[in-house]
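The block underneath contains the structure these notes are about, expressed in structure tokens.
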Amino acid sequence: MTTILRNVRPYGEDAVDITWSDGVITEISPAGDPREDAAGAAVIDGHGAVVLPGLVDLHTHLREPGREDAETIASGSAAAALGGFTAVHAMANTTPVADTAGVVEMVWRRGVEAGYCDVHPVGAVTVGLQGERLAELGAMADSAARVRIFSDDGVCVSDPVLMRRALEYVKAFDGVIAQHAQDPRLTEGAQMNEGALSGVLGLRGWPAVAEESIIARDVLLAEHVGSRVHICHLSTSGSVDIVRWAKARGIDVSAEVTPHHLILTEDLARTYDPLFKVNPPLRRAEDVGAVRAGLADGTIDVVATDHAPHAREDKDCEWAAGAFGMLGLETALSVVIETMVLTGALDWRGVADRMSVRPAHIARLADQGRPLAVGEPATLVVVDPEATWQVDAARSPSRSANSPFAQRDMRGRVLHTVLRGRPTVIEGVLVSEGAGA
Amino acid sequence: MTAAHTPQGSRVLDADDISRVISRISHEILEHAQGAHDLTVLGIQTRGVPLAHRIAARMAEIEGVAVPVGSLDITMYRDDLSLRGARPLHATDVPVEGVDDRLVVLVDDVLFSGRTVRAALDALSDIGRPRVVQLAVLVDRGHRELPLRADYVGKNIPTSLDQSVRVRMRDLDGVDEVVVEG
Amino acid sequence: MNKHLLSAADLSRDDAVAILDTAAELSRVTDRAVKKLPTLRGRTVVNLFFEDSTRTRISFEAAAKRLSADVITFSAKGSSVSKGESLKDTALTLEAMGADAVIVRHGASGAPHRLAHSGWIDGVVVNAGDGTHEHPTQALLDAYTLRHHLAGGTGALEGRRVVIVGDVLHSRVARSNVLLLHTLGAEVTLVAPPTLMPVGVDTWPCTVSYDLDEALPGADAVMMLRVQAERMNAAYFPTSNEYSRRYGLDVRRAGLLAHDGIVLHPGPMNRGMEITAEVADGPRSVIVEQVTNGVHVRMAVLYLLLGAAEVDTAVAHEEAGE
């Protein structure tokens, strides 16, 4: 079957028509070229919008198995498709923990069944995320899920010896350890960024040094054992400096920043509304500036959502009782457009690099993050950068509603998402019959 | 008695009128009480207070003995908190003789709905148990909402409900006068 | 005045003085036989105490009862609160009961703020101490006590120097006092070991010192904060003895105060830790008085907040003739 996507602008450049067949791009020609009117071809109107390779998220919490009331693999991956993602990485902190081949294969299979995007399970580094002994990393790597990213995200691999071993061990199958950098002792009971505001609000502080000291240690460990290391949700100005220093030194480190750390600041804690409680916490405006600069100059490799759905009762409460985390899949691209594209910090090729090409490379995904070119997979997203929209929990497939962006005008709307030639979203609407392919 | 029209309304009592009224009321109280031996005068905050002091002073001139005088703040006894909200409190000063078994004359500037007097009676009963309570007012403007009347009235002034009666006392306002506005 | 009293920062200078003035008038009611006023008859005041605090709870109860309000007390122990009922469900229950004011004590900073702004209840919310955040009525009663002794019981506290000593980091009393005393024109100095100072204390409207002997001379008042001995287990200071030596108030140090300087403590005291018995029971101590003043200040707060909250329309009703 042949499909023609008419009138789209690859990376925001000149308008073209893109034709694909059997999931592979067969032709890219200037928009309106009559030769493409192949009989029987399906036609999708691109409305002159921007087309990018499908987005890849390195950091997603889908909550299944264990907390299907908050999110499922199907509901979360549907939200991902609406946000323009064609691949997500499901974090291991489920119940049971994704620390065995059995659990990661189950997650992988559910993702395929849902069919909205590729769901790659992340394997736990340690058994039960307990930080005591290594999980069967090799078995997860060899499983049908072909796990390449391992993380205890939610907790830090704080034991330096265990971290060293993990970094070394995954070299055997080109894996990577994604570290949740948080010194546990420095952040006991922590509720928000530590600073003048936490002192005024009387909320226990989460100091920047608790993140930065772990990153510093881990880049040195990675250098010492010759491994690569990935830093999850980097959030402070100091962390950017350390990663920049490590890269200059030739250390094989990659780092991610979340959309919310690109736009929101700690001042939201003044509301005492746990909607704005997240880990790592929202930081100061100076940190927001530093992570934007780091993302722009490539020190920070990728934007990863840390999409963290929570049931209503876990947010409808006092701050201290509230769960950490916020939704991100459907709003990530809009936040990047607002903070990076409209400010001139990144062009569309830069967006494609940080949200598709580099995350696919870090995760070693062969058929994601590919260029928009003949012979490449027709895995792409069409986004109208001019459109504005508002978050509406009632219309989202996510089972949770903890978006920090409610009532806010979001910039840039995903029109179409296509996964290996098959549309998962058309005109902003989920293609449900496409599921299960 | 003059009824000068000012830009703000018509003056129904001037300083001399008020002086005469205070003198008359003082005489009436003493006559009725048959002397000042157990008399206490309590002014209702705020404009009842200077009035009470002047009545007490006048009685002292007439009788040659000091009459205990004090003030009563009825703010916490009002029944219109939900209509008018919290207001600043004023002092309640009860003379050392107290009020128990005495003839207490409450003094206010204007008698209108009667709710202030009702509140004053409640406030007074929380302080003690007078032998008799009487009420003296400078002006009675009618429109009672409670079954109350004054024992001593300076002047009856018929008003409509949309008018207001403004009493000014020289101690608080620099001038003695009563003006009907609106 | 704001609808709720969540933080001492909610109070302007005029608001604070109005509360203190009202409390001063109300204190005179205590001297007479009938101590009760009918002002809040028919209003329901709920004491919602998620944390045990007998003295604060009793103080608010006494205040509400003296104003003739109906008082309902929810204490954490033995109620649904201790069985895991959420703040939200408790709030919805109170709303269904028609609470006009909710006085909330909670271990989580910001819980009263959440209650006031979540839309779960309509009533007035008064913070009776939340986590390590604030305790505004404690600050008001401290200000009342200071004003009584240092400013003749009227006006504000311009130029008066107050030293607050102890576990500032974990103290809601310190936070509220710094804000309120600053609003009232006093000069506040915080004294504690650096480990017990909050990050960013340099941005607070006060001066900071690590040396009690340097801060005390000539001060008009010193307020000692409770220091829990368990803090030494978390390495905030080495031993109780060392703490007492460096930051405890003894007779010698109390003697450094101004001639008529006073000693306050929000209680409960750790005698021998932050304050010696001689000072706590000595002539400069106004600690017992603070408790009495607490009732008057809380009466004033309830009266002014409920009075303000219930005015539906700001009709400037003609005063004359009433």
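We just call them A, B and C in the order they show up, numbering each chain from 1.
The rule is short, and it goes like this: contacts are C-beta pairs under 8 Å (C-beta built on N, C-alpha and C of every residue); 3 or more make two chains touch, one makes a residue touch a chain.
Worth saying up front: this structure is predicted, and the values here are computed from it rather than measured.
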Farthest chain relative to chain C (centres taken as mean CA coordinates): A
What chain is most central when centres are computed from CA atoms? C
Rounded to the nearest Å, the gap separating the Cα centres of chain B and chain C is 40
Chain A to chain B: how many Å between their CA centres? 77
CA centre of chain A versus CA centre of chain C: separation in Å? 46
Chain B to chain C touching residues, read off their complex: 73, 76-78, 81-92, 110, 112-113, 115-116, 122, 126-128, 141, 159, 164-167, 181
In their complex, what parts of chain A are in touch with chain C? 191, 194-205, 207, 271-273, 313, 316-321
Counting only contacts in the complex, chain C reaches chain B at residues 18, 21-22, 25-26, 28, 32-34, 36-40, 67, 303-308, 310-312, 317-318, 320-322
Any idea which chain C residues touch chain A in the complex? 86-88, 106-111, 113-114, 117-118, 130-134, 172, 175, 198-201, 203-204
